[in-house]
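What follows is a short report on a single structure.
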Amino acid sequence: MSGSTFGTLFRVTNFGESHGPAIGCVIDGCPPGLELSEADIQPDLDRRRPGTSRHVTQRNEPDAVEILSGVYEGHTTGTPICLLIRNTDQRSKDYGNILQTFRPGHADYTYWHKYGIRDPRGGGRSSARLTAPMVGAGAVAKKWLRQQYGTTFRGCMTQLGEIEIPFESWDHVPHNPFFAPNAGIVPQLESYMDALRKAGDSVGARIHVEACNVPVGLGAPLFDKLDADIAYAMMGINAVKGVEIGAGFASVAQKGTEHGDELTPQGFRSNHAGGVLGGISTGQDITVSIAIKPTSSIRTPRASIDLAGQPVTVETHGRHDPCVGIRATPIAEAMLALVLMDHALRHRAQCGDVRVDTPRIPGRAPD
Amino acid sequence: MSGSTFGTLFRVTNFGESHGPAIGCVIDGCPPGLELSEADIQPDLDRRRPGTSRHVTQRNEPDAVEILSGVYEGHTTGTPICLLIRNTDQRSKDYGNILQTFRPGHADYTYWHKYGIRDPRGGGRSSARLTAPMVGAGAVAKKWLRQQYGTTFRGCMTQLGEIEIPFESWDHVPHNPFFAPNAGIVPQLESYMDALRKAGDSVGARIHVEACNVPVGLGAPLFDKLDADIAYAMMGINAVKGVEIGAGFASVAQKGTEHGDELTPQGFRSNHAGGVLGGISTGQDITVSIAIKPTSSIRTPRASIDLAGQPVTVETHGRHDPCVGIRATPIAEAMLALVLMDHALRHRAQCGDVRVDTPRIPGRAPD
Amino acid sequence: MSGSTFGTLFRVTNFGESHGPAIGCVIDGCPPGLELSEADIQPDLDRRRPGTSRHVTQRNEPDAVEILSGVYEGHTTGTPICLLIRNTDQRSKDYGNILQTFRPGHADYTYWHKYGIRDPRGGGRSSARLTAPMVGAGAVAKKWLRQQYGTTFRGCMTQLGEIEIPFESWDHVPHNPFFAPNAGIVPQLESYMDALRKAGDSVGARIHVEACNVPVGLGAPLFDKLDADIAYAMMGINAVKGVEIGAGFASVAQKGTEHGDELTPQGFRSNHAGGVLGGISTGQDITVSIAIKPTSSIRTPRASIDLAGQPVTVETHGRHDPCVGIRATPIAEAMLALVLMDHALRHRAQCGDVRVDTPRIPGRAPD
Amino acid sequence: MSGSTFGTLFRVTNFGESHGPAIGCVIDGCPPGLELSEADIQPDLDRRRPGTSRHVTQRNEPDAVEILSGVYEGHTTGTPICLLIRNTDQRSKDYGNILQTFRPGHADYTYWHKYGIRDPRGGGRSSARLTAPMVGAGAVAKKWLRQQYGTTFRGCMTQLGEIEIPFESWDHVPHNPFFAPNAGIVPQLESYMDALRKAGDSVGARIHVEACNVPVGLGAPLFDKLDADIAYAMMGINAVKGVEIGAGFASVAQKGTEHGDELTPQGFRSNHAGGVLGGISTGQDITVSIAIKPTSSIRTPRASIDLAGQPVTVETHGRHDPCVGIRATPIAEAMLALVLMDHALRHRAQCGDVRVDTPRIPGRAPD
């Protein structure tokens, strides 16, 4: 229980380091009979993989996934599915100079003090590269949820540094490297990132993800509330420092008459709840917003200490994402899918198939 | 696994409903030999209990805790500690009129659709009353952590509705019903709440909690990151819609040069990390901020549907907190303590006693 | 995770000590909508309770169960069910003399060395009294399984000390204090126990339990095999030293041609498997046999050491069962029911409702 | 939670099928700083691997293990250790004829009814081949326990079919293919197996394993008793039908005066307890005996049914172990090591380092 397993019934056990021979995961508890091949998983991995624009790390990883187990003649068998991704573009020498010091804002310091040993190659286990297997597992969850309930997932960047990105259309998202839902703002984002890179600095971002067509009734009263599990999943993504469900921090200043989503036979009138009440899904869209901090590995010199506790100046070279938020959208989607998948199975366990003996109202608020 | 157990090594299993005969919890995994009696637990319960000012629910519950097991001659034995709190002031008739309808923003709707049955008496299991046993369990965790590491916990309200509460001093917190760290603002908070109550409305709040003197090294790389588990714990508190660690959402607009906390032999220069890097504690104070939504049970009439899906108007009478955030501070402290306690035991399991073979720097940033 | 929770989806968390104020358990994960009251649980508790014949401990406990939560208007709500049983006949002075020594064969020694503290009153947590809440939880599981699948449970004693008890009929079991399936042998068992009591000694026993009308498909390939979980459940009962499924140790000397149960359209021809193949139920009766050691608390003087490691002679007075096996039958039935209940929910989670797309053959072998 | 993870703090997640591309496991929770390479693991795998004598399956697998993660510069880092073993000698056509039928005594029937799909290639997930990764994980646990406490493990065959094998010396075990602790009986075992193979039949076996130099205090009162977890681990090994701790089923006929192991300042006088009292280790050797059923895949024709429920005759060709018990000794040792490892970490979590404030007596009974 050093924490490398995510989920309770749809369990994903993650392994690997940034510059080891391979990374991967084992998915235990997948329902049998799901049609599955690498082709179902690779597209989401491709959305996340590095080296696809000048605004992300230049490490070139194909992130080709191999299914090692759990699938027979193109269908899941109900036994563990091992996904393997070989690392192919390690350059560990890039990191040699940081072995004796701690980068400000980096897990260097905490790993060293916890374990008395750390794998410095590419950040080792603390690298965001370890989200790749989760994106793979998320693709399996997404496929099952879509077939079973029609549930779908999507996400976009809503802020890059100080630049807020006004929502225009989901259609824009796949057509720019930022997952921005706004085509017009892309040039501004690009020059912002170019300047940042030149300055040897990094910046934060805000990401929004949502699930649509969610069955009502997923979750638990306490403690495994659907929103609590979502918060756990999101805060577990590298560099995330804040999580909101629905109205989030805006609900602090709201009155009850404003916040509580009214119900009509035609559906909910609003969605401040973000699709969760009392820890259980309402059938509304589940909406989540996360804050991602700036990358800690930057070229600008910074004050730190070495292993002996003496003051040093640290500057980090090598290949890094100047804004890890840029590639975070598919990761957050995947984590949201994994949470819903887990609770879908938990619901079946305790309550059997989704209940239909009372009227359901449409989950989506009218636009 | 319907989710009523919190923690992995220091496990708290919660039971009860708002208007049932009793609520309580079973704490499994407490280290043996801790001096413990009801007197260690009651003070925190008293900080949370209802009926202590006109700004909270007028339900009068002494919340007297009884230790049923796990303690022998004043010391914990290492076996499960059952805490029992009898409910004494139920008035379930207050809720009779809501049995056929769903309150907007309330768990009524989701419980009904998940389980096909709901206990309407005082919100049943969805009541914030179920946080009382967690406050009790948190008091046990606090005592052990204080003895073992000197770790302490504190919290305060930082915003009530639109009113931001400037921090003045921790000394003010115990002396007003809002847990406000500012004596001068209390009259404004009181008249705000009086007006709200008169209007039959409710409002949100923001709470800050922190842990001081935290050992370095608590947490795990993934997925049971210390901050992920904190997010899970906080989002699992009733009515919470957002969680931040350290700089939180402010880190979106920060540069890496600003956000990354520099290290010196005298300690960290700042604490944007909120005490966690790579999912593991740095030894800095752990700082957490949460958003609490307005109560859904309000007197103002609102649109809803009944069990048959027909439109109705709902107004809720009975005794409710017009701002559940007012009593949330000791709850958030308790949940933070439970997370740290769990990870302290997990650390001992994998890594043995806290490591001392490298220099540690002071965790607290200079004021 | 000090181990006081049994099960994964139908989770039972046990608390209490033999001479504390109360014992009990919290059942988490029970499906909603099950009709349930104390009257469903008390009969099984009465079958297990002490003081009902001269062959068991003379401690007089009504073992009256109280449901503290999780039931509303006579039906389970899907939230945790707390069962409470008050201790009423403690006489802790009986045990005063053993506080400085270790009884041979007793948990005294191990508790002391593990925890550095032990509750000596009636054996504290190590008392078989703690099986009472499990019998209560088992009654809930039995009721649900009977309603859902028609599954039933039964058990009997098959050996007392050297006396093997030939099976005659299940009808005899409720009519003698030994749960013997043979009326004629009861006088012999009684005089055997009388002599044993007079001699200040104790003796072991063998118990057989089975489940009938078990759905095919419960269990998992590895490690949570149905038979592995049964072994865990049975070996976890106080004083159990051996567990067999189906042919058990007899299968060592069997040939494959003898052991493998042949299938016909009319059903299995035999049941050496004991109802489990590859860790998954076949639909045959699940048959389990357990060995229970003699009670360690006996009047006969024995060699031991005291807390300082010095040699002493120990003899134990007070009220004890001279054969704990006598009351073990309802306990073993309950544990078997809890295992099946857990796997029934796990099956629903991963595979949905029981599959019916291939022919099933009768599970019971012809007599 | 389809059950592919073993352990709670030292967690081993197993994946793969007999004839898939690879099998393996992920070990999560290993303490950091343990010197580890493939050379520590391979010897135990070699003891278990097939094709080493004419008495076991002729499948030729080198079972070469590769460490994919969790080790840096020859030491464990505290992060997950993935062990990968490629399958190299699959011949799946051997199994083509059994796809439409069910082998008596085989998991064919139960997998099909549970999942609606099964991987027939070499038994798929139900193959004993999946114990190989556990032997690998067990080797890691053994190394840590030996370094930390001096704990060692050993095992031997005590019965093959009707032939009981009198214990002579541990020295004989490595020098015959049966793990027999008796050199003189080996010719008899060989001719027995030769006759069996010729007859197209299979047979059961009994295996004894033990742990020496076990720290006192490992385990938990209930339910995760050390012996309960051992029973779970052993019954989870393929083909096991019975488990005994210490005196096992012999304790049924024992008196308390005989069974309870007396204590003296020089140590315990006997070890009927098998090293466990009240679910917690005494420091005595932990002794375990298991019954292994005969292999179900045999050449002799047997009655069965096909997928349509029609009667058929089944005979199984291909490569199988005529007695799976022959290779079971290293498997049982590994599982015992995994249980002790898990409880060693659990003990550290709750109770800190092993207690030394009271006199300990030698665990081993005098010979």
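We call the chains A, B, C and D, going by the order they appear; numbering starts again at 1 in every chain.
Going forward, contacts are C-beta pairs under 8 Å (C-beta built on N, C-alpha and C of every residue); 3 or more make two chains touch, one makes a residue touch a chain.
The chain list, named the UniProt way, goes like this: A, B, C, D = Chorismate synthase.
Quantities reported herein were computed from a predicted structural model and do not represent experimental measurements.
Visitor: If you tally contacting C-beta pairs, which comes out ahead, B-D or B-C? Let me know.
Guide: It is B-C, judged by the count of C-beta pairs in contact.
Visitor: What is the distance, in whole Å, between the centres of chain B (Chorismate synthase) and chain C (Chorismate synthase), each centre taken as the mean of its C-alpha atoms?
Guide: The answer is 39 Å.
Visitor: Averaging only over C-alpha atoms, locate the centres of chain A (Chorismate synthase) and chain B (Chorismate synthase) and give their separation in whole Å.
Guide: So the centre of chain A (Chorismate synthase) lies 26 Å away from the centre of chain B (Chorismate synthase).
Visitor: Any idea how many Å lie between the Cα centroids of chain B (Chorismate synthase) and chain D (Chorismate synthase)?
Guide: Inter-chain centre distance comes to 45 Å.
Visitor: Going by the contact rule already set, what residues in chain C (Chorismate synthase) reach two or more other chains?
Guide: In chain C (Chorismate synthase), 1-5, 8-9, 14, 29-30, 32, 78-79, 114-116, 125, 221, 346, 349-351 touch at least two other chains.
Visitor: Once you draw an edge for every pair of touching chains, what topology comes out, line, ring, star, complete or other?
Guide: Topology of the interface graph: complete, with all chain pairs in contact.
Visitor: Spell out the part of chain B (Chorismate synthase) that touches chain C (Chorismate synthase) in their complex, as residue ranges.
Guide: Where chain B (Chorismate synthase) meets chain C (Chorismate synthase), its residues are 1-5, 8-9, 11, 13-17, 20-24, 26, 28-30, 32-33, 66, 68-70, 72, 75, 77-82, 114-119, 121, 124-125.
Visitor: Which of the residues in chain A (Chorismate synthase) end up touching chain B (Chorismate synthase) in this complex?
Guide: Of all residues in chain A (Chorismate synthase), those touching chain B (Chorismate synthase) are 1-6, 8-9, 14, 102-107, 109-116, 125-126, 130, 159, 161-162, 196, 201-206, 216-225, 227-236, 240-265, 269, 272-274, 276-283, 291-296, 298, 300, 302-305, 307-311, 346-347, 349-351, 355, 357-361.
Visitor: Using the touch rule from the top, collect the residues of chain B (Chorismate synthase) that touch chain D (Chorismate synthase) in their complex.
Guide: So the residues of chain B (Chorismate synthase) in touch with chain D (Chorismate synthase) come to 1, 9, 29-32, 78-79, 221, 345-346, 348-353.
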